[in-house]
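Each of the next two complexes has chain A plus one other chain: chain B in the first, chain C in the second.
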Partner chain A sequence: MSVGDYVVLSTEKLRKEFGGVCAVNDVDLDVRHGSITALIGPNGAGKTTVFNLITGNYDATRGRVTFTDSERVEHSLCGRTPDRITRLGIARTFQNIRLFGDVPTLDNVKLGLHPRTSRGALSALLRFPAAAEEREVHVAAYRYLEFVGLASKSHELARNLPYGEQRRLEIARALALAPNLLLLDEPAAGMNPQETEDLMALIRRIRDLGITVLLIEHDMRLVMGISDYIVVLDHGEVIARGLPAEVKNSPDVIRAYLGDEAI
Partner chain B sequence: MSSLLTPEKLVDALSLGALYALIAVGYTMVYGIIRLINFAHGEVFMLGAFWALLIVGMDEPTGVNIFVALVPSMLMCAAVGMNVDWTTYLPLRRRLPRSDALSILSLGLLGIGAIFYKLTGDAAHVWYSDGAHTAIGWGVIGLLPIVIFALALGEKLEWLGRSLGRVASDRLSALITAIGMSLILQTLAQLIWGAEPRAFPEASLPAFLNESVFSIFGARVAGKELVIWVAAIVIMVLLQLLVTRTKIGTAMRACSMDQKTAALMGISVDSVIAFTFVIGSAMAAIAGVLYAVKVGGSISFRMGYYQGLIAFAAAVLGGIGNIKGAMLGGVLIGFVQGFSGGGNFSLPFVVMILVLLIMPRGILGEPQATRA
Partner chain C sequence: MSFLAAQLRRLGSLDDRTQGLIALALAVVLPFVVGRTFLNTSLYIGTYAVLALGLNVVVGFTGLLDLGFVLFLATGAVVTSFLLSLTRTPDGTVQWAVSASGGIEGTQIFGFDGSILLIILIAGSVCALVGVLRGLPTLRVRGDYYAIVTLGIAEIAFETFLWDENSWINFTQFTGGAFGIKLPRADRPVLLGDPLRWSSPTVYFLILAGVVVAVLATHHLNRSRVGRALAAIRLDETAARACGVNVNRHKLIAFAVSGFIGGIGGALFVVWKEGTYSVKSFDVWQSILILCGVVLGGMGSIRGALVGITVLLAIDQALRQNYGGVTVPAEALNLIYGFLLIVVMRFRPQGLLPPVRRGRPLTESEHEALRTEPARLFRLGDKDVS
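For the complex of A and B:
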């Protein structure tokens, strides 16, 4: 499948108000399949709120979110709970990492495989099928760790990993959910240039698996380096969208980031 | 007064400990997942005994064996436990509850149902010779409209919560709600079944329950004590397997660590919580029935309050949120209660306070708070 085959995620007039504050104001967003799309903007622009609306952590004040799964079936995400949305095929990572810190890295990934396992109470008592499946889960989880380069750390507690590796573990866990769309919330935050370089390669490899990536990021080198398409938010509104080169030269974007004097 | 340590008291202590452990696990499982002390859990224990009593015959024995009555009692308690969660706690922890004002509605219906039952109770006895069937009949008939109303109105009323800008409640309102739910269930039970304590009719109790099976240190062990021990051990082993070996058990543990992230792993948190209530309540039903078998004439609307509080103390003593801790705490409190002669309700709390002075998080409590 090539880039732009179909739209994986689309929002229409998406709006979220917190009391009198309008955090997301009539945002229209189209994420094409197979693309790496970046959502950028100054702090407080409403980027993470958009993510929370997509994954069902917030309910939209109004507007629509439509998601197309890997079988090309369209789903409206309005009113769905986060677990349902996850099972439809949207996985995410967090700005402030949310791992299960007190369990080994491998178990974190295994939990991502959870929706696809079948271990019921009865088979657990009978044991045989469960044991076979447990082995499969184990192997699959290990593969995801390998994919992000953490295979050697499979038994370490998640909270003992360095920051950059915790981020990659979170990505591995999200991938274990077999998503059609992966949302990355500031994946490069707190990473050094080398780690960021590795992360860019990783994101490209994820895209090559056929998983569409939508990411929020402040690191412009990363954004400009890997994005196929960029959407710029400011004060909850889309102020620019287009190819990296177009966005980079947009006066609105420069004004939003640097103020009027910069023009 | 006889000496402090007698073999008879040991037997008694073991049984009480097993029963308290069964109840305490219900408190601790719910706490582990939603950080809420479900005070209504004691009432579910009480209802377990009452449902069984209804089936074996409240006024005249129906001839049903108490162990047969145990199964429907467990099912009813599981339903009650789940409904307590859905109607009372779920709306509080949801940002935009689907099943919103209907919690008040279903509580109201429950109350109306109870009054209706009281009013028609005597008439019903004329229609059916058998009181138990009537009661179960009303129970089922009463539940249906509640569920239908709840579903229909909940969806329709969602906009109300939305327009009020509803946010999830803090833990304190959930706590006082739990205490309120406990009192509501107690009052309902008193309204429906009266205040005087009751016992299972002799006809429903198999003979071996009161015969001595074997003896320990010269103390005879009656069949019922043995049943309690075996039941408790089997249930605890099954529970441990459930939590550690099954998919739903994995989901439960994930939810207790971080609900929001668990949801993003595709786990339906509300279903996991409902399941936790179901398991805990079914165990409470078993404990309620076995307690009423052990202590004759103990079935009253108040039994859940006292035994529930003591079991709660056991859960705290063992380290609230920790299943093994609740088992251990239950056995310890059972010993305190058993050796003190059983009638002293303050002693378990004295012991609990003493232990908490040294180990503030309970014996097997988490070393530090898992979440801020």
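For the complex of A and C:
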């Protein structure tokens, strides 16, 4: 499958109003398969709101979101619940890390495997032989940890991990959902330069495996370093879009970030 | 003292199975070495241990505060008494009379040997259904509202059970109302040829079996895929949804399981009380008592629920004894429990035996085994990595 031969996610005139405030104003967005697309913009531009609209955490005031899964089946995401959207193949991480802090890292990843396993409550209560599935879950969760470089921490409680590792664990949990599209909300926030470097390599590896990545990020070195395509939001509106080099030199973008005097 | 502490620590380091088997062995020997008072207390503790384990599924595993668990004790008990009193009269009609005025002429429908086991299952199923129905309206609310709804529904049920023939529906024909339930001696269940009296070992072992079943069921649930999903809901509902967990569905599963075990507790309560009790005793304090046991032991911990309810009820029974003419006034009891809970919350807020969340680190050979085993579920993107 060649990169970019279909659109994984597309929004049309997506709009979200909170009371009288329009946080997202008629945003059109196309994310091509196999790309790393960055959604950037100043604080309060509505980036996380767009994520929450895509994942069903917010209901859009207006507009459409369409997702194409790995079987090339199109789904309208409007009105669907977050868990349903996750099961269709969109996984996400959160700006303020949302791990299950009180359980071991391995179990965090096992939760990512929840939708692809099937054992129900009755079988668990009666203890029908489901040891085989549990074993598979265990092994697979361990492999995902290994993929993000956390295998040696499999039994640590998630909240005891250093910040950078928590971010990577959240990515491992999202990958365990076997997504077609991965949404990363400020994955490099709070990371030191070395951790950011490792994270960029990890995101590239994920993209190269055929998982489309849409990310929100403030770290321009990361954004310019790995993005195939960039969309810039300001006050809920798209003010620029294109290749990193095009966006970097756009007067609108410079004005949004630095003010009129910078031009 | 330090010797005892060392032995306890050694006991604590054993694995779940060994600890469980030691506890079970002690429990099996218990009725043969203790007197009648102590035996009755054991039955009390056993019955309430089942209830505490049921409550623990919702409060401990799922993280929702349930202030009306007595509903399942009451429903399970009333269903059990009702089924036991069902009688086929000589003219072919089926009648029941729970507040015995001499009983009804005819043959008892659930009079066969072992019928109590079937009745326990029915009581559990009814309570599972009640749990789901009670849970449905709470799915749209968050946080403390669940506690308020459960509290309210238990109170409504408590009042409804007392509706007599002047009301819209006469519930006292099932619940005995203020006069209480009293099954005729002939209607008491028979198990293994033994008409169940509280002092008979059969009752003790029936209740012990109930505890063992509740322990095993909740233990397996907790360590299963569903248990993980419940923990996810407890810790962060949004993140649980982001993992594809259908939150409402899993909450309903928890309500059903919790209700089922609560219903078993209600049925066992009737067996222990030999069918004589009053629904007026199923007030909010019963819910609080069971909840206190779970909190004292450590929410989410199975051995905690067992130890918590045991400690609480043992203190309760000890305080109710007559010490050479000196007794603790009944009104002071709740005061003492309240003080106890404050002390626990101050010095050990996680409870006496909180759940162990952290596993042991893997050994090098285990790492190697995991690395080489085939992993069907390990999939990254379009490429099949395994």
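Worth pointing out:
The working rule: the second predicted complex is superposed on the first by the 255 of 263 C-alpha atoms of A that agree within 3 Å, B and C clash if a C-alpha of one lies under 4 Å from a C-alpha of the other, contacts with A are read in each partner's own complex, and residues count from 1 in each chain.
In this text, contacts are C-beta pairs under 8 Å (C-beta built on N, C-alpha and C of every residue); 3 or more make two chains touch, one makes a residue touch a chain.
Just so we're clear, the structure is a prediction, and the values are computed from it rather than from any experiment.
In the model built by aligning both structures on chain A, chain B clashes with chain C.
When chain A is checked against chain B and against chain C, the one touching more of its residues turns out to be C. Touch criterion met: A:146 reaches chain C, while chain B stays clear of it.
Of the two partner chains placed around the shared chain by superposition, neither chain B nor chain C is touched by A:225.
In the superposed model, A:210 lies in contact with chain C only, and not with chain B. In the superposed model, A:91 lies in contact with both chain B and chain C.
Of the two partner chains placed by superposition, only chain B is touched by A:59; chain C is not. Once chain A of one complex is fitted onto chain A of the other, the partner contacts of A:19 are limited to chain B, with no touch recorded for chain C.
Contacts of A:42 after superposition: neither chain B nor chain C is touched. Within the superposed three-chain model, A:83 lies in touch with chain B and with chain C [touch as defined at top]. Contacts of A:244 after superposition on the shared chain: neither chain B nor chain C is touched. After the shared chain A is superposed, the part of chain B among 96-104, 114-122 or 294-302 that runs into chain C is 294-302, by C-alpha clashes.
Shared contact residues of chain A with chain B and chain C: 55, 57, 81-83, 86-87, 91-92, 98-100, 102-103, 111-112, 114-115, 117, 119-121, 124-125, 130, 173, 177.
Listing the residues of chain A that touch chain B in their complex gives 19, 55, 57-59, 81-84, 86-87, 91-92, 98-100, 102-103, 111-112, 114-115, 117-121, 124-125, 130, 173, 177. Interface residues of chain A, counted against chain C in their complex, comprise 1, 55, 57, 70, 81-83, 86-87, 91-92, 94, 98-104, 106-107, 110-117, 119-121, 123-127, 130, 133-134, 136-140, 142-144, 146-147, 151, 154-157, 173-175, 177-178, 206, 209-211. Note for the complex: chain B touches chain A at residues 95-96, 162, 165, 241-242, 245-251, 254, 257-258, 260-270, 370. Those residues of chain C whose C-beta lies close enough to touch chain A in the complex are 216-217, 220-221, 224-229, 231-232, 235-236, 238-247, 253, 256-257, 357-362, 367, 370-371, 373-383, 385-386.
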